[in-house]
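Notes follow once the structure below has been shown.
As written, the chain order gives the labels A, B, C and D, with residue 1 at the start of each chain.
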Amino acid sequence: MQKIGVFVCWCGSNIAATVDVQAVSDTLAKEPGVVYATNYQYMCSESGQNLIKDAIKQYGLTGVVICSCSPRMHEATFRKAVASVGLNPYMLEVANIREQCSWIHKDKALATEKAITLGRAAIAKVQLNAPLQAGESPVVKRALVIGGGIAGIQTALDIAEAGFEVDIVEKQPTIGGKMAQIDKTFPTLDCAACILTPKMVECSQNDKVHIYSYSEVTSVKGFVGNFTVSIKKKARYVAENKCTGCGECTTKCPMKNVPNEFNLGLDNRRAIYIPFAQAVPKVATIDPNYCNMLKNGKCGLCAKVCTAGAIDYKQQDQVIEERYGAIVVATGYNPIKLDKFEEFDYSLSKDVVTSLELERLMNAAGPTGGTLLRPSDGTHPHTIVFVQCVGSRDTSGCGKPYCSKICCMYTAKHAMLIREKYPDTEVYVFYIDVRTPGKNFDEFYRRAVEQYGVHYIKGMVGKVAPRADGKIMVQASDLLANEQLHIEADMVVLAAAIEPDKSARPLATMLTASMDTNDFFTEAHPKLRPVESPTAGIFLSGVCQGPKDIPETVSQASAAAAKVIGLLVTAKLTTNPCVAHCNELMCNGCSSCERVCPYGAITYVEKEFRMPDRTTQLRRVASVNPAVCQGCGACTVACPSGAMDLNGFSNSQIMAEVDAICQK
Amino acid sequence: MNNNLKEQVLRMSGVNPLKCMRCGKCSATCPSYDEMEYHPHQIVYMVEKGEIEKLMASPSIYKCLSCFACVERCPRDVEPAKLVEAIRLAVIRQQGQNHLKAKDIPDLIEADPDLPQQALVTAFRKYTK
Amino acid sequence: MVYHYYPGCTLKTKAKDLDRYGRKSMEALGITLTELENWQCCGGAFTMAKDEIATKLSSVRALADSRDGVLVTLCSACHNVIKQTNYAMANDAEFAMKANNYSKFDVPYNGETKVMHYLEVLRDVVGFDNLAKAVKNPLKGKKIAAYYGCLLLRPSKALQMDNPENPKILEDFIRAIGAEPVLYPYRNECCGGYMATEDQSVAAKKSGQVMDSAAEMGADMIITACPLCLYNLTKNAPGHQIPVYYFTELLAEALGVKD
Amino acid sequence: MPEVNAYKPKIVAFCCNWCSYAGADLAGTNRLNYPADVKIIRVPCSCRVNPMFILRAFQRGADGVILCGCHPGDCHYTTGNYYARRRMTLLFSMLDYLGIEKERTRVEWVSAAEGAKFAATMNDFVSTVAALGENKRLEDLRCKE
């Protein structure tokens, strides 16, 4: 029989207001095995922890039950406390009487009764606890960053600066991401390329950073400190080590009408291309969907003009396997498709564009060389209407329920830049709310209104109707004037909602990292652990976790890097001792457990057993590798003979909890 | 403010005006906007505030074309047209409040013999109990 | 498969062409439309109030009578009312219970019947490719503007006909009969509808806008599936020369069954 | 209290540590009420729940047992919830055969972000079980004190 101490926390009034803590500790004191029970205002505080430590010493406790907040909150704290006075940390159980009791019940009698039951279940479990020793596992001193936008770049550079090897996997032919497509950045209006491209170059020059461009992660195995990742390098039909990036091939290729994705299809590129002048790596890529040589075996012009001999039509996809200690997800975002918002006639008129398209139309390296011209006829627009929240804050099922966060600011930026460059242009912005929290953000927006004379109208556009003469009729509401407006515009710019990249969902499954219903990665704690996934060793950087602007993305990227560095400097990680183990005397070698184990942690060994009649018998029994086992318990249920059990959550422990809950 | 009326309108329409985020897209898209004294977004807000009687007395409720543009385009799934219909029914279900009377029909047909039956039955359904 | 056909009131009177050409063409395409016995007028408009039962019963009866097949509608208004009623029968348990209590069917009806607009039959049963093959007199060189109006597409949740803001079913139809579709932004805006009885100027404004938009985009003619749309566009938008036809008339012409 | 003698069902809820237990915590953080009859047992994964545990609960007089795990595809251990789903399908149909109504057993997927769903699920489950009344079918009277 254990000697158990019970400690009931008030959590200030969080628990004590709805649970009679005195009654709980008094009642639990009478439970078999309990030699000491008390309650205290804040068990997690230093004096609370000392109370526990002193009791362990004074009463020679062999088991501890803490009735407090969720074990997800403070189990680790309390385990550390009891370990400091020599008690095995796994001889402690937490009864959750805050999140799962005091906070959800109003009736004090009922809540107290439930708290007592939960305490009893924990006591019953602790009776059967056994001391466990955490194992150790080494940490591979290398990090993987998935996604090479500004988030991935910043994370990688920070990790490299701390002296660790880091690989970036980017599915496009170049790193740079969305920021490379953007013209100017708010609220300072400095040019995106001027601040991004030096960082891209740094990535290519830093010998700790390795870029796998035009590549994808195809499988992830292992666990924190020791992941094994397969990376598929897609065939680009150009030898990366030979190509000098001279660009000769991209001017000679006869396939001229390939939509240029970097300019969002506003102009064309060739079948062999370098996405943009500052691409990193600056290596050409052949688009197999358009290349005549790859499709029909005819042409071969690029190979002829390439003086470096870099063209290789026979190149194959290549799969590389690499080991990492930590993985950072930085998969970013895309604007949503607008097929459900055709009241804005995006598909009917070329002059109805998305904000990202407008970035390209205003960029000096864009299809118009930086002069704002209508895509339809190349004329100067004189009236431009911006529509905010296209698909954001939309619960109708057509769009996204969340606020995309960046649109208010970039629209103010666009409006301001247009008014500055083309003062003869009237700019209207239709908004539902203008949301500008952020340093110098509201000042920026007000500048657009007060200094640049942008017309901000509280209301929404309901219908966009292009006319044959090229004008676009915009029908909108002006809620403050209480009238319906009909504006004759030359261009309409839609602030499309942003959504996580489509590659994020399958990646999350590979990483067993959780996602919310919008396919944003969830963080381990929304306030206190915002850059970590609940899955150990997986970190989050940038918009893959939620909408963010560039300053926020960069801060989060650096924060994720700091967390990765913290992990990589650790010599050894302690492993979870709550793993499966096999009672070899009961095992009949059936392999059921081996088949259900998702980690391949179970193998079979031939072992000699001494029989009662003193003969020996060679038997095949299961053996669990505790370094690989993650403790899910699938094998324990699959085992037909009951040989397999899970430390910390044994059959008898859970059964004891069931009994305690169903008692009376 | 008449809470009974508000409740009646909410029950009949099945609409929750609290879902409205006041974007005004309903009013931006409404083809009858100019004919209305109270516009779709105001109607939603007035229902929320319980000002049903004001709306019942307004000619606006007979101007809705039931074209469902506001229903289709509302980003919050508020369905303003259903509110208009509920308010109109709250009026015409009262005795003697039919907006279109059976005796008016012959005049309408006489005025335009081409008028399709569809127009008459629809108007009758919308305006008459 | 039985294709029950619900013509509706207007198709028996002012819109006989819509009906006649529709039946002939379907017959030519190998599908027999069987007119429902004892159908009653749908009422022209779906009453959105959840407590309105009686006004929806004629639709419920038509739906229940078509349980052994598909219920085909042609008039946009009937299509709208019957599909919305069916949606309510399937999704609003309280309404379905009350409607069933009134109707006293042997087996309660809960929205099982599939309702298809005539165009959906062309798209999903016949197939526009097959239709194109069956065309004898392609309407070559004709620039046709499709006018959907409001009743054919909205509310899309209940009607499930096509993308409500960027439909293509009529455009695909126009291509199938050999003509060229003209896209214009007002094709899914309201013509003014029944407001013609209340205030003709509203209908004139709305119809005029539609006609203007179609005309300036270069349409030779406009097609519609709705008698009220046809009426408003032809009668209430004066000053426009573009003819407006029922789509079935052009279909019959293309198939060579127009007499 | 008006409902002094109101029947209170005994509900055992098994929650996986990664999603559903966190979802239950979130329900608490958001102060979303559900009946005190629900008592949660934390397990690492829904696949840790041995059918024996559920039989044991009914033997000891539980009126309903609910198993909550991560959404299919989101299991922290990749496939655990699929195992659980299969096992429970078999178990529940056997229990049904033994006279434990299907409504007394349930598998529900609740993610760490679905506090509201957790509370709603528990409210619904408790009222469903309460409507069925006490479970006597498998209760072992020898276990009663």
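Before moving on, here are some points about what is shown:
Just so it is clear, a contact is a pair of C-beta atoms (placed from the backbone, for glycine too) under 8 Å apart; a residue touches a chain by one contact, two chains touch by 3 or more.
Everything quoted here is computed from the prediction, not taken from an experiment.
Identification of common neighbours of chain A and chain C yields B.
Think of each touching pair as a link: the shortest run of links from chain C to chain D has 2 of them. Comparing chain pairs B-C and A-B, the larger number of C-beta contacts belongs to B-C.
Centrality by C-alpha centroid: the chain sitting nearest the overall protein C-alpha mean is A.
Inter-chain centre distance (chain A to chain B, centres taken as mean C-alpha positions): 46 Å.
Note: centroid distance chain B to chain C, computed from Cα atoms, is 23 Å. Taking each chain's centre as the average of its CA atoms, chain A and chain D sit 30 Å apart. Multi-chain contact residues, meaning those touching two or more other chains, do not occur anywhere in chain D. Contact of a single residue of chain B with at least two other chains is seen at positions 69.
With touch defined as above, residues shared between interfaces to two or more other chains in chain A number as follows: 343, 463.
If you sketch which chains touch which, the pattern fits none of the simple shapes: not an open path, not a single ring, not a star, and not all-to-all.
In this structure, the chains touch in the following pairs: A-B, A-C, A-D, B-C. Of all residues in chain C, those touching chain A in their complex are 163, 165-166, 183, 185-186, 189, 213, 216-218.
Interface residues of chain A, counted against chain D in their complex, comprise 70-72, 96, 98-101, 103-107, 109-111, 113-114, 117-118, 121, 508-509, 512, 514-517, 522, 534-535, 578, 596, 598, 630-634, 636-638, 646, 649, 651, 654-655, 657-659, 661-664. For chain A in complex with chain B, the residues that touch the partner chain are 343, 389, 393-399, 432, 458-463, 475-477, 479, 482, 484.
Listing the residues of chain D that touch chain A in their complex gives 1, 10, 12, 18-19, 21-22, 24-25, 27-29, 31-34, 36, 39-45, 47-53, 56-57, 60-62, 70, 73-80, 83, 87, 111-113, 119, 145.
Those residues of chain B whose C-beta lies close enough to touch chain A in the complex are 19, 21-30, 33-34, 39, 41-42, 69, 73-77.
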